[in-house]
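As written, the chains take the letters A, B, C, D and E, and residue 1 is the first residue of each chain.
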Amino acid sequence: MTDERLREVSRLRRAMIRPELGAIAGTILVFVFFLMIAGDSGMFGPKGIQNWTVVSAQFAIIAVGACLLMIAGEFDLSVGSMIGFAGVVIAILSVQWGWPVWASIIVAFAICLALGFVNGVLVIKTGLPSFIVTLAFLYILRGLTIWLSILTTRQTIIGGVKDVAEGDPLAWAFGGVILKPVFQWLADIGLIDTFTRGTRAGQPVVEGVPMLVVWALALIVFGHFLLTKTKFGNWIFAAGGDKQAARYVGVPVDRVKILMFMFTAFCACVFATCQVMEFGSAAADRGLLKEFEAIICVVIGGALLTGGYGSVIGAALGALIFGVVQQGLFFSGAESSLFRVFLGTILILAVILNTYIRRMITGER
Amino acid sequence: MTDERLREVSRLRRAMIRPELGAIAGTILVFVFFLMIAGDSGMFGPKGIQNWTVVSAQFAIIAVGACLLMIAGEFDLSVGSMIGFAGVVIAILSVQWGWPVWASIIVAFAICLALGFVNGVLVIKTGLPSFIVTLAFLYILRGLTIWLSILTTRQTIIGGVKDVAEGDPLAWAFGGVILKPVFQWLADIGLIDTFTRGTRAGQPVVEGVPMLVVWALALIVFGHFLLTKTKFGNWIFAAGGDKQAARYVGVPVDRVKILMFMFTAFCACVFATCQVMEFGSAAADRGLLKEFEAIICVVIGGALLTGGYGSVIGAALGALIFGVVQQGLFFSGAESSLFRVFLGTILILAVILNTYIRRMITGER
Amino acid sequence: EGEKIVLVSHAPDSDSWWNTIKNAIALAGEQMGADVDYRNPPTGDLADMARIVEQAAATDPAGIIVTIADFDVLEGPITAAVDQGIPVITINSGTAEQSRALGALMHVGQPEYDAGYGAGLKAKAQGADSFLCVNHYITNPASVERCQGFADALGVEMGSQMIDSGQDPSEIQNKVSAYLSANPETDAILTLGPTSAHPTLRALDSDGLSGEIFFGTFDLSGEIAEAIKGDVIEFAIDQQPFLQGYLPVVVLTNLARYGVVPGNSVNSGPGFVTKDNIALVEKYAGEYR
Amino acid sequence: MSTPIVEMKSIEKHFGPVIALAGVSFDIRPGECHCLLGDNGAGKSTFIKTMAGVHKPTKGEILFEGTPMSFDSPRDSMEAGIATVYQDLAMIPLMSVTRNFWMGREPEKGFAPFKRVDFDHANQVTMDEMKKMGINLRSPDQAVGTLSGGERQTVAIARAVYFGAKVLILDEPTSALGVRQTANVLSTIDKVRKKGIGVVFITHNVRHALAVGDRFTVLNRGKTLGTAGRGEITPEQLQDLMAGGQEMAQLEGSLGGTV
Amino acid sequence: MSTPIVEMKSIEKHFGPVIALAGVSFDIRPGECHCLLGDNGAGKSTFIKTMAGVHKPTKGEILFEGTPMSFDSPRDSMEAGIATVYQDLAMIPLMSVTRNFWMGREPEKGFAPFKRVDFDHANQVTMDEMKKMGINLRSPDQAVGTLSGGERQTVAIARAVYFGAKVLILDEPTSALGVRQTANVLSTIDKVRKKGIGVVFITHNVRHALAVGDRFTVLNRGKTLGTAGRGEITPEQLQDLMAGGQEMAQLEGSLGGTV
C-alpha cells in the first residue's frame, strides 16, 4: 500500500495512539477531579499520598501478572483464592509448625508456582477455556484454605506471624519500609510534616517507602521490559494474538502460556506474602474478588480481554486509577456504598475510550 | 466427501454424541453416589427430594437464561447483582412506598428487562466483550442495591413483604405451592408420609409443588423449544457461532443478542421475585456469586463458553447436579468447607468429559 | 446416645468468629455423646440458609439450633420444623421475642442492635459525639444494626460514618486512615470484628493515634486482647459465643434423654471485655472466647 | 440494453486514515456477468461489501432498479434481492450444513406461537442442492467445520444460487477450488446468468473472467481504470490493466501470455 | 539425481472417523520444484502439515536427509530447515509487520539477562524484503490486520524466503493473489529453486504448476495417483488427473482446454 491512499495523520495523533493512552488520560482526569473535590482533605499531603500509593501498589502487583497473562490470551480467576491460600500456608508453616519464616515463604512460593503450572497445563492440555479451569480452582483453593486453616488451628484467622518473623533473613523483603533515614531527613529539613499529636509526635508522617511499593515498581519494570523489549515479549503477544499462527511459525506457545500462569501465581504469592508480613496474620477470606480487581485494572489499562494487545504501563496506571478512586472517595467523604457504582462506571468509560483508541491503531471501523 | 473415507461409527455411539451427554452421565453418577453414601439420611424421602428439587430449580431458573445467552456468544456476570437489585426494588416499592405488590413486581420486571437491554446495547454498540460490560454492572447494581436499601430503610434488609402480599393477584404466581389436593390425596392413600408429631401431625410432609419448580420447568421447556425447534433458535446458535458470518447472511445478530440479555435478566427477576415472595424479605446480599453458579451449571451441561454450542436440557441437568451435590453433601454430613473443593473438581471433570464429546461430534482431533 | 443435632448458622465459610461456636459444639457433643453437625450457607446468602434449615428438618434430627439472621426469611422453615415436632433452639442474632414467636424452646444470644447501643452508651460516657463504624461485611443486615445502635446511643444521624471497608486488610487500613484524615474531629471508632479491628489498629498506629481515639470492637482475638491491655481498645463486646454453641447442645440432648428443658432464654451477651477482666479471657481468645 | 438492476455512482469509502475506494462507478444488468478485476488491495471486496450492505459508503449513491437506496445491513440488501458469497466465507463451523444453508431464511411449519423449523424439508433440499454442485454429503447434520475449504465454498455458492436473487455477487469464488469444482462454478455462473440474474464475479484469473464475463471492470488503487465489453479487449490487454500497467516478472513467456 | 532432502513414506493420517490420508509417498530433492496437485479435500494441506510437524502421522515414516525423523512441533521442522507458508496464513493481525516477519526468530542484541530484540535491524530488513517482493509498506509498525489478503500472503512468503531453508513449502500461495503478485511469486519460486532449495508448491492452477514445476504429484481422496516429471505429461492429462478423471463441465471449450 502506498502513501497516496492515506489521508494525512498528524504526528501528534500518531504518537498518542498507544494502548495506555486511555489509562494516561484517565489518570489525569482522576487526579484533576480529586484535586478539585478533595484537594484540602489531606489526600495530597505526604500521608495521603502514601495512603493511596500503598493501595494502588497492591493492585499493581496482581495487575502486572494478570496483564501479561491476558496479553498471552488467558486469564486467571483463581488469583484471589491463591492469595488466601498462600497466606494461610505461610502462617500455618511458620506459626503452627514452627518452621523458620524464610522456609515457609519459599515453600509458599513453590506451591503457588506449582499451582500456576497446574492451571496452565490443564488449560493447554485439555484445550479448555481458562475461565472454566481457573474458576474451578477459585472454588477448590478457597475450600482448601478454609478447610486447612480450620483443621490445623480451629480458626480462619491465623495470627502471630509478626513475632516469629522477627529478625528473619527473608521476611524483611516483604514487610516493613525502606529509606527510613531519607524520610527522617526530609522531615528534619521540613519537607514532610511530622506528627503533632499522639504517640508518634515528632516522627515524620511518612516513615519510608513500604516494601509493597518497591515490589510493585520492580514487577512493573520487569513486566514492561519483558513485554516490549525481549523476544519472549514478542511471543507473549503472539500467543495471545493467534495461537495457531504463532505455533505454525515455531513460537513455543504452550511454554509461554504456562510460564505466564506461573508468573501470575508468583504475583499473587508476592501479594499474599507482603500482606501476611505486614499484618502479621493470614485469614481464609483474604483476596476475595481480587481476581476481578486485577482484571479491571488491566482492562482499564487498555489490554484486550481476548489477548494479543495491551501494556504493562497501562495496567499499572489502571491500578493507580483504581486505588486513587477508591481512596479518593473516602477522602472526599462520599457515601461509601456508592464506591462500587463509581468503579463500574469508570470501568465502562475506560474500556469505551480504549476501544476507540485501538480502532484508530488498527484502522478498523 | 464420500463414505469410503469414513471409518465405521456405531449407531449407538452416534446417537450418544450430543451436548448433554456429559450432563446425563454426570447426573447418573451423582445419584448413584449419593444413594450409596446418603441413602438412609432422608435425602431420598419425600421431604428430602423436595429440598434438593427446590434448590436445583433455583439454579435451573438462572441457568436457562445463562445457557441461551452463552450459546448466543455472550455472558452476563451481573445476574447475581440483578437478583439482589430486583428483590430490593420489589420490597421498597411494596413495603416502603405502599404500592400494591403486583405493581411492584411488574415494575421490577420492567426495570430488569431495561437493564438487560442496556447491557445488550452496550455490548453490541461498543463492541466490548460482555465480560467487561456485565462486570461493570455487577459492581454498579450491587452498589445501587446497598445504597438504595440503606437510603430508604437504613438497613440492608427489608422485610414485611409477606404481609402486604396477602391476597395479591400476582404474588401467588411466585410464592407458595400448587397441587395441594393431589399431595393430600397421595398422603391419604399412603404414598407420601405424613407428619407424625408436632402441630402438623397428619398433614403430608410435602405440601405441594412449589411455584419455583413450576417456573423452572416452564422456563426449561420454553428454552428448549425455542433453541431446538424454531428459527430464532437457529439464529441464537448462529449469533454465537460466528457473528460476522451470521450477519452476512442476514441474521439480525444484534437483536438476537440483546433479546438474550433481556431474557437472562428476566430469569434473574423471576428468581428474585420467587425468593422475595417465599421468604417475605429482600436483602442487599441476595444473589451473591449466583452468576458463577449459573455459568457453572451451563458449562457442566455441555455448552461451549465461546458460544454457538450447547443445550438447555444440559443446563437443566447441570443445575440438578449442582443442587443435588450441594444438598447431598449436607445430607451426608461432609465438612462444608470441602463443598467448594468438590464443586471445583466436578466442574473440571465435567468440562473435560464434555470437550471429549464435542470433539467426537465435530471430528477435530 | 448419639442424638443427631444440627446447628445452622448464617455465616459464610470464612467468618472466623464462628469457629468459637464450632469448637463449642464439638466440645459439647463430645461431652454429651451427641452427634452435632455445623451447617452454613457458603456465601452467607440467607435464602440458602433457609434451604439448609428445611433440609436439616428433612433429616429428622433430635434438635435444631439456628440463628435468627432474618426473621422473615427463616420464619417459614423454622416454624415448619417446629410443626414437624423437632425441638428448636435459636441462638446468636435475633431477640427472645422473635424466638418465642417462632415456637423455639429458648434463645441464647445477644441482640445486635442492643449490643451496638450498649457500646454507644459507653462511648458517649467518655464524651464522644462523632464516630466511625468500620463495616467489613456491609451486605449482611446484622452489621448495619450494630452501627445503627451505636449511632443512636451517641444521638447522631448515621450517614457516611459507616464505611463499606471491604475485607482486604490493607484496604481497610488505608480507608480508615483516609477517613480519619478527612474527618479529623472523629472521636470514636467501632469495628465489627477482628477482620476490621486488626487493620484499624494498624491505621491508628501508623497515624500515631493509638489511644487518642475511643475505640470499641465486637468480638475477641489475640491482637484485640493485646490492644485492650495496651489501652488502645477500650473494650471488646463479647457475646460469649461459646455459650451459644455449648448450651443448646446440652439442653437439646438432655431434652431428648430426660425431657428436661429450662424455661427461659439466656442472654449470652453483651459482655464487655475490658482491661480489668482481660486476663481471664485472653488465654482462649479466638478459640473458646 | 436493459436498465441496470444496481447502479453504484462514484462510491467512496474511507477506513479511518485509509482511503479504500476513491470514487468507483459500476452497474450490473439482468442476465449479464460483470467481472470485477484488479490487483490485491485494489478495493474489490470493499466495493462489493458496500453493495451488499456490509459497509456504508462514505460518499456516493446506490440506485436499485432506478431508485436511490441505502442498505443499512446485509439483511436489507438480501431482501432487495442481492445475494453475496463473501471471500471470507459466511459459514458457522460448529453448525450443521443444513442449518448453515438455510441460515436466516429457515423454512417453517406449524402455526403462530408454535412455529417450528421444518428440518425434514430443509435437509432434503440441502442434500439435493449439494449434489447438483457435485458434492455428496455424508449427512446433512455434518458440521461445516469438518468440510474442506473447497467444500465450504461450494455450500456458500449453492446457498446463494438456491435462494435465487436479482443479483448474485461472488467474491473470488474459484480461488480455493479444484479444477472440477472451478468448472462447476463457472458453469453455474453461466446457468444463473441465463435465468436473467445479474452476476458480479470477482477474480484474479484472467482466463476465468474471459470464460464467462460479459463486461470487465478493472479497479486499481481504489479507482476504476475503465469498463470493457466482451470482445473489446484482448486477454493480454486485460492482464496488463489488472497488473496496473506495471512491469511484469520475466516468467511471462513460459506462462503463455496470461497468468 | 541427488538424494531427497525429505522423503515421506506411505503416510496415513486419520482424524477421528475421517481418513484424510490413506498412504501417500512423496519426496523432494534439492533445487527442484515439486508440485502437489489435487481436488478439494484430497488431503494436500493435511499432507504438508504432516511434513511441517503440525500433525503427527497416524502411520508412515518421514526421512530427513536419509535419517528417520519425527517432528513434534512446527519448531522442530523449522529447525531442521523446512519453512512453510500455510494456506490459512500464520499471521497475527494485531501485531506489526516487523514483529510478524521475525516471529519466532527475533534478532537480539545486548548481553545475557538484558537481551533485547534489535528492532532497528528488524525493521530495516523487513522493509527491504517486502520491497523486493514488490510491496511498499507504509511503515514497518503497521498492523498486519490492516493489510489486504494478498499483501499478507506476500509477507508470509517473504518471511519464508528470507529465513532460507532446505525446503520451502507453499500451500496455494497464489490463490488469493493478483496478476502481478502471482508473477512475482512464481519468479520467486524460480529464484529459490536455483539456490538449491527444494520447493513444494501446492496449487489448483495447472498453468501455474506447469510454469515452474519440475515434478508433479497428484493426490486424490487421500491417495497418490502418481508422480510425473516435467515433459512427461501434457497439461490436458494433468488436468484430467487433478479432476479425478471425472466428467468435466461443458465450459471447457471456451477455456481453451485448461482451467
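Just so we're on the same page, contacts are C-beta pairs under 8 Å (C-beta built on N, C-alpha and C of every residue); 3 or more make two chains touch, one makes a residue touch a chain.
Please read these numbers as outputs of a predicted model, since none were measured by experiment.
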item	value
For chain D placed onto chain E, the superposition rotation in degrees, Cα atoms, nearest 5	180
Same or different contact residues where chain B meets its copy chain A, judged by the half mark	same
Centre-to-centre distance between chain D and chain A (centres being mean Cα positions), rounded to whole Å	50
Between chain A and chain B, centroid-to-centroid distance (C-alpha), Å	33
Distance between chain centroids, defined by C-alpha means - chain C, chain D (Å)	72
For chain C, residues contacting two or more additional chains	13, 138, 164
Chain E, residues touching no fewer than two other chains	18, 41, 146-148, 151
Multi-chain contact residues (two or more partners), chain A	1-2, 6, 142-143, 146, 150, 335, 337, 339, 363-364
Residue ranges of chain A in contact with chain C within the complex	38, 41-43, 45, 47-48, 51-52, 54-55, 58, 142-143, 146, 150, 154-157, 159-160, 195, 197-201, 203, 207, 212, 275, 278-281, 283-288, 290, 326-327, 330-337, 339
Chain A residues within the chain E interface of the complex	1-3, 6, 225, 229-231, 233-235, 237-238, 241-242, 244-252, 304, 308-309, 361-364
Contacting residues of chain C [partner chain A, same complex]	12-16, 19, 22-23, 138, 159-160, 162-165, 167-171, 174-175, 177-179, 181-183, 194-195, 198-199, 202, 205-212, 221-223, 286-287
In the complex, chain A residues that touch chain B	122, 126-129, 131-133, 135-140, 142-144, 146-147, 150, 292, 295-296, 299, 305-306, 335, 337-345, 347-348, 351-352, 355
Of all residues in chain C, those that touch chain B in their complex	13, 37-40, 42-47, 50-52, 54-60, 70-73, 75-76, 80, 82-86, 138-141, 143-145, 148, 158, 164
